[in-house]
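The structure appears right after this line, and notes come after that.
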Amino acid sequence: MTPDDLVEIEAIKRVKYKYVRCLDQKLWDEIAECFTADAVASYSGGKYSYDGREAIVGFLVRSMGDETFLSSHRVHHPEVDLTGPGTAEATWALEDTVLVGAFGVMVRGAAFYEDEYVKTADGWRISRTGYKRTFEEIEPLDRPGRKLTASWWATGGQSELPA
Amino acid sequence: MTPDDLVEIEAIKRVKYKYVRCLDQKLWDEIAECFTADAVASYSGGKYSYDGREAIVGFLVRSMGDETFLSSHRVHHPEVDLTGPGTAEATWALEDTVLVGAFGVMVRGAAFYEDEYVKTADGWRISRTGYKRTFEEIEPLDRPGRKLTASWWATGGQSELPA
Amino acid sequence: MTPDDLVEIEAIKRVKYKYVRCLDQKLWDEIAECFTADAVASYSGGKYSYDGREAIVGFLVRSMGDETFLSSHRVHHPEVDLTGPGTAEATWALEDTVLVGAFGVMVRGAAFYEDEYVKTADGWRISRTGYKRTFEEIEPLDRPGRKLTASWWATGGQSELPA
């Protein structure tokens, strides 16, 4: 590993960070820029598999587009390896908490991503992605005393808790 | 981006990591070193806004100083851009869980920070910071079978669970 | 800090990332590669202390080896300092959630690691590690409507939620 390799690795981390930020902020046009046109995705141990950028983004919009679907996807522990000129692979640890307003449930879990990246004329892009869950659990949002006190969309990201 | 840029970016990440560590360890003198004297903060979508390092640190001490206020602030996904000689901006993803002993509640949420940094004679400092919440929820600490089993202050950071 | 220092720092982060991945994936042979033979560990404010790689790994296998023990350990905020030729120290922030199937409880907490590293002929290794908890709490898994919907071992990492 050289200092120049680190510049490539930082750029690869950046495309992943943009991807998860766009997920949670529902920036669907911008998220498309994270993938190659022929990218493939295999989420949740292959349960949700898609071929091509359009199919992947379509799935994300369908499953997460609703503004009462509030999510926090956080990726950790990047183990990025450059595998050739303009190619790389990486493992990431995921934790995600999603509040699914429409169904009144919280889904929370942990997983490991295995990704592949290619360097295009426009920079590094995700060409293959997928994760396998360590665990996942579901729980009702309707619990004694539990209350939603802020939402990016419903409260402008401001807390409604008394100061 | 060059290897030398990466050195600056790592130094910028370090001041943010020091900031969140000092928050959760209640190191108020040390946290002041993270800010420029004229720093401005706008937390929770602008609900908590402060002008100047002294006002910012005063707010943090007032709201988080109590030793039964137990917090975990974790920042992720640094998208740091150098914007000029000695200036930078960054986006970070936050997750925070706080146990507010005095009120018997847990507050848990996710947010995105937008920060600005300047390089001073003493190194990089935060000159502007603020976050907007993706979501925030509150829940009572008094839940069936739930128990606090360790605290930095009350148990010296040691678990009271049976081995 | 120089670009060459960053290469060492990235390699140090990588051994920590491998360590926590191996914890959650139960890769006990691989996790041994993260430590020097004479490494010492002091977990949970010293409650769980071990001398030597063999004793450390033995503890990890005993406490986390069961496939109904589902864990997510996530480390954040690396503040890594090179302290000499081939030595380094670091602070990390930990968040961990573990579902202990055998006892029907969830344990969740936050902590700060203080680590030391040495550079061996085989690369950087952890020579000293330990954490002190900011907080830790326990709660039964048997809560109204709460359900486990995926496990790396029991479901192949795939969610059992309806699509």
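Residue numbering begins at 1 within each chain, and the chains themselves are lettered A, B and C in the order written.
Methods note: a residue touches a chain if its C-beta (ideal position, glycine included) is under 8 Å from a C-beta of that chain, and two chains touch if they have at least 3 such contacts.
Just so it is clear, the model here is predicted, and its values are computed rather than measured.
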{"item": "Overall pattern in which the protein chains touch one another (line/ring/star/complete/other)", "value": "complete"}
{"item": "Angle of the C-alpha superposing rotation, subunit B to subunit C, to the nearest 5 degrees", "value": "120"}
{"item": "Cα-centroid distance, subunit A relative to subunit B, in whole angstrom", "value": "23"}
{"item": "Set of subunit C residues in contact with two or more other chains", "value": "3, 6, 74, 76, 143"}
{"item": "Subunit A residues within the subunit B interface of the complex", "value": "3-4, 6-7, 10-11, 14, 17-18, 20-21, 24-25, 70-72, 74-76, 97, 99, 143-152, 155-159, 161, 163"}
{"item": "Residues of subunit A that touch subunit C when the two form their complex", "value": "1-3, 5-6, 9, 44-48, 74, 76-79, 91, 93, 95, 107, 109-112, 131-140, 143"}
